[in-house]
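Below: one structure in structure tokens.
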């Protein structure tokens, strides 16, 4: 199951989608919005998605997990729009007969979501905002339109 | 938070115990009882614990995570007694500012629980039962009192 | 030919628009398109940064040839999750 | 001295009891205790398998010296989770 929604995410619902009696291990990742960036207080986040392509890339990631780990039971739920601090922006649930595959596949799904899925996050501060990029390696709020790193 | 209980486990409650606004990543493991072992249908499981020592070892594992990964927010909930197929026998929830530590620490906690915590699981079949040992490498139901491997 | 381009997130804000219609010669490639976009919107991305382009909901190479009615989007560095 | 021993899970079922009181000489070690347990319960574990012992809720080495009132438990291979 994959979805992109502007409604609050429900970890129990997403996790239960992958549970089956043959699966002994379920690993769930929750990405939650942090309250600070380089000492600045973040007030809230705004997520924007290129929906058609994002859904397609999420489907690709699920297929990758099947090929790489033999894992079939994957659920990904991504939130868009305004998200308050401490709320969940991403849920990835993976189930497998054994824990090793479940842990590896869940971790890999999260990495891949952050690499290839066209969704963007804007942090809003008291005195400004910035589009987060590539795991915070790129922009700093003080630099404004600073250099981007090529490729992602 | 650590607990050993004969009541059904609640993933949402255990997961919420480790969530904080400074933690951007929450990884939750659910261990659920599988419905088969080497082609035999498992009807239910029975868990037995040496409570005092098990609680002490769970506490030790939490301290290990602090030392090894700098991870402080760990919750472990283990069920004992009769557990039906598909139900949750173990919950491990770990939260950290970033996902890598959360994934590694959660995986490590589960490994350590299965290595050092004195809790035992008995699988009940239609025509018998067996005490599971060391990740299924040891006993087979057809052999009954087969050789144990030393150390665990 | 006319190519419709969509801008997202950082690029949408820097360009000041979410869509633009570009006139490109027949047989133009993704590289031709990003060159034209840079000409129109010099502040979109520094010269040393390559602008990533999706064509019909897949990442496209610079030598990909464009066609009218292709769905073309500029993809700033992603940051989902 | 008298040492109280608890049996869990597989060992409890094989021994047919959950507790036993053993008479051991003063200064006896964990190894002495497991030897005595094997003598009383030959079917508890095959000779090539070492019986793991916890003393006062920690895993104990074979040369650990026991004292009266120690909490001594036999720990079959664990299988939690």
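To keep things simple, chains are lettered A, B, C and D as they appear, and every chain counts its residues starting from 1.
Methods note: a residue touches a chain if its C-beta (ideal position, glycine included) is under 8 Å from a C-beta of that chain, and two chains touch if they have at least 3 such contacts.
Since the model is a prediction, treat every value here as computed from it, not as a measurement.
Novice: Averaging each chain's C-alpha atoms to get its centre, pick out the one most distant from chain A.
Specialist: D
Novice: Can you check how far apart chain C and chain D are, centre to centre, with Cα atoms defining each centre and the answer in Å?
Specialist: Here the centre of chain D sits 73 Å away from the centre of chain C.
Novice: From the C-alpha centre of chain B to that of chain D, how far is it in Å?
Specialist: Chain centroid spacing, chain B to chain D, equals 25 Å.
Novice: How many angstrom between the C-alpha centroids of chain B and chain A?
Specialist: 26
Novice: Taking each residue of chain D in turn, which ones touch at least two of the other chains?
Specialist: Not one residue of chain D touches more than one other chain, so the list is empty.
Novice: Using the touch definition from the top, which residues of chain B touch two or more other chains?
Specialist: Chain B, residues with two or more chain partners: 31, 110.
Novice: Check the chains against each other and report every pair that touches.
Specialist: A-B, A-C, B-D
Novice: Please give the residue numbers of chain D that touch chain B in the complex, ascending.
Specialist: Counting only chain D, the residues touching chain B are 6, 8-10, 13-14, 43, 45-46, 48-50, 52, 54, 57-59, 71, 73, 75-81.
Novice: For a test of understanding, state which residues of chain B touch chain D in their complex under the given definition.
Specialist: Interface residues on the chain B side: 31, 47-50, 52-54, 56, 78, 89-90, 110, 113-122, 131-135, 138, 145, 147-152.
Novice: Give the list of chain A residues in touch with chain B in this complex.
Specialist: By the definition above, chain A touches chain B via 11-12, 15, 19-36, 85-86, 97, 99, 102-103, 106-107, 110.
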